[in-house]
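Chains here go by letter, A, B, C and D, matching the order in which they are written, and residues are numbered from 1 within each.
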Amino acid sequence: MDLILVNLIDGLVTGLLLFMLSAGLTLIFSMMGVLNFAHASFYMLGAYFAYSISLALGFWMGLLIAPLIVGVAGAMVERYGLRRVHQYGHVPELIFTFGLALLIEELVQFIWGKNQMPYDVPDILNFTAFAISGNSIPAYKIFMIFISVGIFIGLLYVLTKTRVGMIIQAALSYPRTVEALGHNVPLIFMGVFGVGTALAGVAGVIAGPVLGTFPGMAFVLGSIVFVTIVIGGLGSLWGALVASLLIGWITTFAKSYNIEMESILNGIGIATPENMDDNMFRDFWSLTSPQIADILPYILMVLILIFRPAGLFGKRTQ
Amino acid sequence: MKNITKIGAVSALSLIIGASAAFAETIKVAFIDPLSGPFASTGTNGLHQFEFAADYMVNQNGGLLGGTQMEVVGFDNKISPKESLIQLQVAIDQGIRYIVQGNSSGVANALTEAVDKHNRRNPDSRVLFLNYAAVDPALTNDKCNFWHFRFDAHADMKMDAVTDSITSDSSIDKVYVIGQDYSFGKAVSAAANKFLGEKSDTIEIVGDELHPIGKVKDFTPYSRKIVASGANAVITGNWGADMLGLGKSIVENGYSGPIYTYYAAGSGITAAFGETGKGAIRLVGEGQVNPPPSDEAAAYYTAFKEKYPDGNVDQTRISNTIGMLAKAIEEAGTADDVVAVANALAGMEYDTIWGGKVMMRESDHQAIQDLHIFEHTNEGIDFPYDNSEYGVRVIKTIPMASADIETTCEMKAPS
Amino acid sequence: MSVPALELSGLKKSFGKAEIIRGIDLDIGKAERHAIIGPNGAGKSTLFNLITARFAPTAGTVKLHGENLAGLEPFQINRKGLSRSFQITNIFPKMSVFENVRCALLWAQGYKYSFWNLVSRQRALTEGADAILEEINLSARRDIPAGMLSYAEQRALEIGITIAGGANVIMLDEPTAGMSNTETDYIMDLIMRVTEGKTLIMVEHDMGVVFGLADRISVLVYGEIIATDTPERVRADPKVQEAYLGAALEAEH
Amino acid sequence: MNEQLKTDPTKPAQRMRAGGMTLSLAPWIIAAVAMMALPMIFTNNSALTIMNQMSITIIFALAYNMLLGQGGMLSFGHAVYAGVGGFFCMHLMNMSDFFATIPLPILPLFGGLFGMGLALIVGSFSTRSAGTVFAMISLGVGELIAASSVIVVAFFGGEEGISGDRTYAQPFFGVEFLQQIEVYYLTAAWVIISAALMYLWSRTPVGRMANAVRDNPERAEFLGYSARWVRYYSFVASGFFAGVSGGLFAINYEILTEENLNAASSGIILLVTFLGGVGFFFGPIIGAVVFTLVQTVLSLQTELWAFYAGCLFVATVMFFPGGLAGLIMMHVPAVKLGKWKLLIMPYIKTLIPAAIGILGLCALVEMTFHYRHGATGDNEMTLFWTTFDSHTLMPWLIAAAVTVIGIGIARMTAPSLKEAWDEANTMGGAS
C-alpha cells in the first residue's frame, strides 16, 4: 500500500514533466497544425542554458532566464524558419522541424561538448522531504510538482480568463475565422510557438538535474512527447494532461512490479511450452513488465490510432 | 548547397585516388570508434590516449624497427556496425594493417568476423584486430579467431573479480542485479548469478532485472524496488547515461550500500557523480592510477594531462596495447607480416607501467592481468578524472585475475 | 413503371441536435435532368453528400437503380454508376489535365489496381482521355498541371472527370458557381452535351441554368422538399414563390 | 488547391513536370553503362564498398519515395521493412543446406518478399488514413520493432545482430562472391532492375492512382478507387523494395544489427529522400549519392560532418523544397529555350564567390571547434591542405576575410544573376 502511494507520487512527477512538454506541443499543433519534432530539443536547450547560467548566477536565475532565452529562440525559429517553410505545406514543415532537431543536437555538442554536464539539484532543495516506509521522497520532486502544477494553473488562467487566451482558444477551433476578424495571426503563431518552446525550456531546466543533461536527452524524450499528445488527442490540452499522467503512471507501475509474461499467459490459459531453449518465442515468454515499461506508450498509441484515431479527447484526426 | 556537394565529390576523389598511393612510411594503426554522435566523448578520449601512447612510448623512444614512426589514424564509425565495416575497408585500402576498436561488443563482433573473412579472402592484405575494450566473452570463446586479440579482461573475468570482492565483505548478504536489456546486460546478470552461486551460500540475490537500453528517462521506480528489497549491494553493467541515471537515482532515493559496476569513470561521468557517488560507486578494471603504482605511471599521466588537459587516462590498457604491439613488431622484425606479429603477440608477457604483468594467452588471445576494485572518492586521489576533485582509488587487487578461466576457443593458425 | 435511377425515401440527417435533412422522398427517373434548388442553408449539399455516402444518413434509404446503397463506401457507389462533382473545385492539381481525365477512366476501363499494365501503352485509355478532353474543349491545355488552369477551365475539367467514367447517374454540385455569364453559357452547353441520355442531378443557384436545363425541379427548404415538378409549374407554384423564389428574385435584383 | 492556383503559369518548370513522361530508354542505358564503368575508374575496395552502400541507399530511398513522394505518406519507421527483409536473408544464409541450393543473386528477392510480408500486415491497419495518423502509426510500429530487436534475441540476435557468410551460396556461373568487385556488380544489377521496376510501377494504373490519392484522396474515391487500397498497394510495394535493399545489405555486410531497424535509420532515409527531392523519380538517387558521400567521406575529414549535414538539410527544406533534383530541374526550361548559356557567366560570378565564402565559414567553424575542443599544445590544425596554428590571430583574420569577401561578392552579383535567370526563362528574344 505504501509502495503504491510512493509510485503514485513518482508517476505524478514523470507525468507532470511530460505534460509541460506536451502542453506546449499541443498548443503549437492546435494553432499551426504542425507536429514540432524539435520540441524536445528546446527542452534540451532549456537544460543546457540553465546549466550555463547556474554556473554564473545560480540555479534560480537559471530557472528564470533560461526559459526566456529558449522562448525567444523558439519565436525566432518560427519567424525566420517555419514561416518560410509554411508556404510549402505541412509535410515540409514537419520535415523542417525534424531537421531542426538534428541540427540543435549537433549545435549543443558543438558548444557544450559531448559529455554529460554536472548540472545538479540546488543545495537548498537537496534534502529528503519525507519518507514513506523507508522510501525517501526528495524535496526536489515536490518542488517539481509545484512548478508543474503552478504552470498548468497559470496556463489555464491565461487561456480562459484573458483576452489573449480567448483569441488563442478561438484560434484553436476556428483558425481562419480568427484571421478574418483581423487579428494578427502570424504574430499569434510566433507568440504561441515562443510560449510553447519556453514551456519546454522550463521542463528542461527542472528536469536537467534529475534526468541528466546530455546531448541525447532530447532523443530519449523526443518521440514519447508525440506519443503523449497523439494518445490524448491532437489539439486537446486536457487530453495532453490525461495522457501525460496516464503514461507517467503506467510506466512507473510497470517498472515497479515484476509482472511476467509467463504468468499472464498462464493466467489466460496458455501453458508454458516445455522445451523453452529451442522455442522461437522463448524471449517473448520470459518478458517482464520493467523490460517493456518504456515501450508500453508506443503500444498504447498504435492501439489508440487503430481503434480511435482521434485520440482520447481529440476531435480532429488531421 | 551545390558547393558542399562539390566538396564531397572532390574529397571523395582525392581520398579514393590518393588512398592507394599513401603506403606506409609509418606503421599505421587504424582507430575505428565513434568520433561523432552520442558516444563521441568516449571515442575521442580513447583516440587521444592511443595517439599519446604511440607518441610517448614509441616515437619518443626512437620508433620501431630502427626508426619507423607509429601513427594512429582515427576513423569515425558512429558506433554503427555498418559504418565500421566501411571504415575498415577504407583503412585496409590505405595500407593499414592494425585495427584497434573497443566501444560496443556489437561493433567488435562485426569487425572480428569481417577481419576473419577479409583475411581468408585477401591473403595479401591481412590485418590484425586489437580489441582494447569490447568485453563480450564470446570474442575470445566461441567467436575467437587468430586475428583478434583482447587487451581488456572480459565480462566474466571482471564479474569473477567483483564477486570475489562481494563475498569477502561479510556485511553483504543481499545483492540486487540490474542491467540494460541487451546482450551485455544479460551476460552480466548471468555471470553474477553463476559466480555468486558458486562462491557463497549465504548471499541471496534479491532482485535480477533488465530495463530497456537508452530509453529510461527516470530510474526512480527501479530505485524504489532496490531500496525496498533491502539489498546491501547492487551489481550493474550499465554505462553512459543509463549508468549515471541509475546510480544517482539509487543513491538519491535512500540506498546507502555499494554499487558494483564496470563503466562509471571518466567521460564526464565521474564529475557528474561527484559527491553523490562518493563511497557508493565501485568499479572493476585493470590499471592502477590512484595511488600511482610507479613513478613511470605518474610521469605518463602527468605528460598526458599536459597534452590533453580535458582528457583522462581512464583506459590504461590502451598503453598496454601500444606497448605490446610495439614489442611484437620488434620481435617479429617486421610490421608488414601480420602473421609473424600475431605469433609474437600470442603468449607474450609484458611488464606494464601500471603495475604487474600482462600475459596474452595463446589459447584464446585473451589478456590476463591484475584486476582491481576501485572506489569513486575524492580522498587520496592524485589523478582525478574530468578535472573534478573526484577520481577512482584502488581498494582491492586480484593478481592475474581469472588466469585459469576456461575458454571454448579453438584457435586455428592460418594455413 | 420502370425502376427509377435514384430513389430517396425518408432520408434524414442530423448533426447533433440540428436536423438538416428532415425526411426526403424523391424519385428521379432514367435520363431525367433534375435540378435541386433552394435558399442557402436549405441542405442541398448535405443531400448530395448523403446520396454519395460522404455522410451516413440518420434515417432513410438511398436506392440506385433499385439497389440500396446503405453501408457502401463512396468508391463502391461510384462503381455502381453514380458519379459526382463538388461545389469547391476538386481535381488533382499537381497532375496534368490529361492525367486527371485518364485517372477518371482507369476504373471504368477495368484496370482496377493492376500493376502489370503500363498506362501509356493502353491505346483505349489514351484515346478515351483525349476524346473527353476534346469534348470539354481542353485539348490545348492537355499537358499543363491542372492546378494552373483558369477557374472556368478547372470547372470544365471537373465535369470532364465526373463524366469520364461513363456513369449513368451524374450529380453536379453548383457547376456554374462563381462564373461570368459567358463562362456559364459555355458550361451549360457543355453539360447539355455530355449528359445526353444520362440521368443528371444538379444543385444550382443560377436560375437561368436551372430553367434552361432541367426537366424537373425540386425545391428544398429547411431540409424538406416543398415541391417537385416541371420548371413551368414550379415557377407558378405559390408555395415556392413565397418560400423561395420571391425572396431570391428580390435579392437578385 | 488555392496554393496551386497561385503558381505562375508562365513558369515552364511546372509544365515540364506534368508533361508527358515518355518511356525513354536512354537514361537507363546510360546509367547501366556508367555503373559498369565506375569500377574501372575507382578501382580500390573502399571505393567499391562506398558505391555498394550508395546502391543500397538508392534502392531504399526510391522505395521510401514510393510512399512520401508518390503516395503522400510520411513514414517515420520505414527502416524496419528493409531491416526485417535483411534479417530474413541473414537467416536464410545461415540455413546452410537451403542456402547452398540457391545462387546468391536471387537472395534479395527473398528479402523483398519478407519486407513485403511485414508491410502486408502493418499496412492493413496503418494505411487507413494518410497524414498524421499514418505517420504516428509508422513511428509507433517502428519503435516497437526496433525495441523488440534487442529483446527477441532468437530472431534479431540482440545487440550483436546476426551474421553469416555469403560465399556458401551456390556458385553463380562459377562466381563465389569472394571479392568486392563481384558483389559490386551484383548490387549494381539489382539497382538497375529495382529502379526500373519502381519507375514502371509509377506508370501503372495503381501507380498513377497513388499520385491521385496523394493529391486528393476524396476525389479519387469518387472515381471508383478506394484511397485506402491504393495506399495499401503502394505501401506493400514499397515494403518489397525496402526488403530488397535489406537483402543487398545482408550480402554486402554479411551482418545485420539493431541499427538496421532503429529510428535513426528511419530518420536518415527520410533525410536522404527529401534532400534528393521527392517530386522527381530520380531525386532520391541524387540524395543517396550525396548523403553517402557526406556520411562516409566527409566524416573522414571532419568530426563535424553531421553538423554540416544538418545545415544542408535544413537549408534544403527552407530554400529548395524540391530538393537537389528540383534544383537541377529548374534549369530545364532555360535549356529548352536554348538560353542556358546566358546563365554560365552569372553563375560563375555568383556561385564561385559564394562557394569560397561558405568554405571560409566552414573554416571558421572548424577553427572554433579546434580552439575549443582541441588538445592543449596541439595548436596545429590542417584545413584545406594548409597547416597552421589555430591559436594565432592570422588564420582567423584570413578565414573571416575570405568569408566576408566571398559572400559579399556573391551578394553583389546576385541581382545580375536574378536578371539573367529571368531572361533565360522568358520565351522569345535572341536564342
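Please note the rule applied: a contact is a pair of C-beta atoms (placed from the backbone, for glycine too) under 8 Å apart; a residue touches a chain by one contact, two chains touch by 3 or more.
A quick note: this is a predicted structure, and the numbers were derived from the prediction, not measured.
Colleague: Chains touching chain A and chain C alike, please list them.
Modeller: Chains touching both chain A and chain C: D.
Colleague: Can you figure out the chain closest to the middle, judged by Cα centres?
Modeller: Of the chains present, the most centrally placed is D.
Colleague: In whole angstrom, what separates the CA-based centres of chain A and chain D?
Modeller: The separation of the two C-alpha centroids amounts to 31 Å.
Colleague: Report the inter-chain centroid distance for chain A and chain B in whole angstrom, where each centroid is the mean of the CA atoms.
Modeller: 35
Colleague: How many angstrom between the C-alpha centroids of chain C and chain B?
Modeller: A distance of 74 Å separates the two centres.
Colleague: Where does chain D touch two or more other chains at once, residue-wise?
Modeller: Residues 147, 151, 153, 304, 306, 373 of chain D each touch two or more of the other chains.
Colleague: Out of chain B, which residues touch more than one other chain, so two or more?
Modeller: Within chain B, the residues that touch at least two other chains are 40, 44, 181, 212, 215.
Colleague: Could you list which residues of chain A touch at least two other chains?
Modeller: As it turns out, chain A has residues touching two or more other chains at 113, 291-292, 295.
Colleague: Pull out all the chain pairs that touch, please.
Modeller: Result of the pairwise touch check is A-B, A-D, B-D, C-D.
Colleague: Show which residues of chain B lie in contact with chain A when the two form their complex.
Modeller: Contact set of chain B toward chain A: 38, 40-41, 44, 181, 209-212, 214-218, 220-222, 224-225, 227-228, 241, 244-245, 248-249, 252-254, 267-269, 271-272, 274, 386, 388.
Colleague: Mind listing the chain D positions that touch chain B in their complex?
Modeller: 42-47, 49-50, 53, 147, 150-151, 153, 158-161, 163, 165, 167, 178-180, 249, 253-255, 257-260, 290, 293-301, 303-306, 308, 312, 315-316, 319-320, 324, 327, 351, 354-355, 358-359, 373, 375-378
Colleague: Using the touch definition up top, name the residues of chain D that touch chain A in the complex.
Modeller: So the residues of chain D touching chain A come out as 3, 68, 72, 74, 125, 128-129, 131-133, 135-137, 139-141, 143-144, 147, 151-155, 263, 267, 270-271, 274, 304, 306-307, 309-311, 313-314, 317-318, 321, 369, 372-373.
Colleague: Any idea which chain A residues touch chain B in the complex?
Modeller: Residues 3, 6-7, 10, 13-14, 109, 113-118, 120, 128, 131, 134-136, 138, 210-212, 214-217, 219-221, 224, 251-253, 255-256, 258, 288, 290-295 of chain A touch chain B in their complex.
Colleague: Looking at the complex, which residues from chain A come into contact with chain D?
Modeller: Residues 35, 81, 84-85, 87-92, 94-96, 98-100, 102-103, 106-107, 110, 113, 223, 226-227, 230, 234, 279-284, 287, 291-292, 295, 298-299, 301-302, 305-306, 309, 317-318 of chain A touch chain D in their complex.
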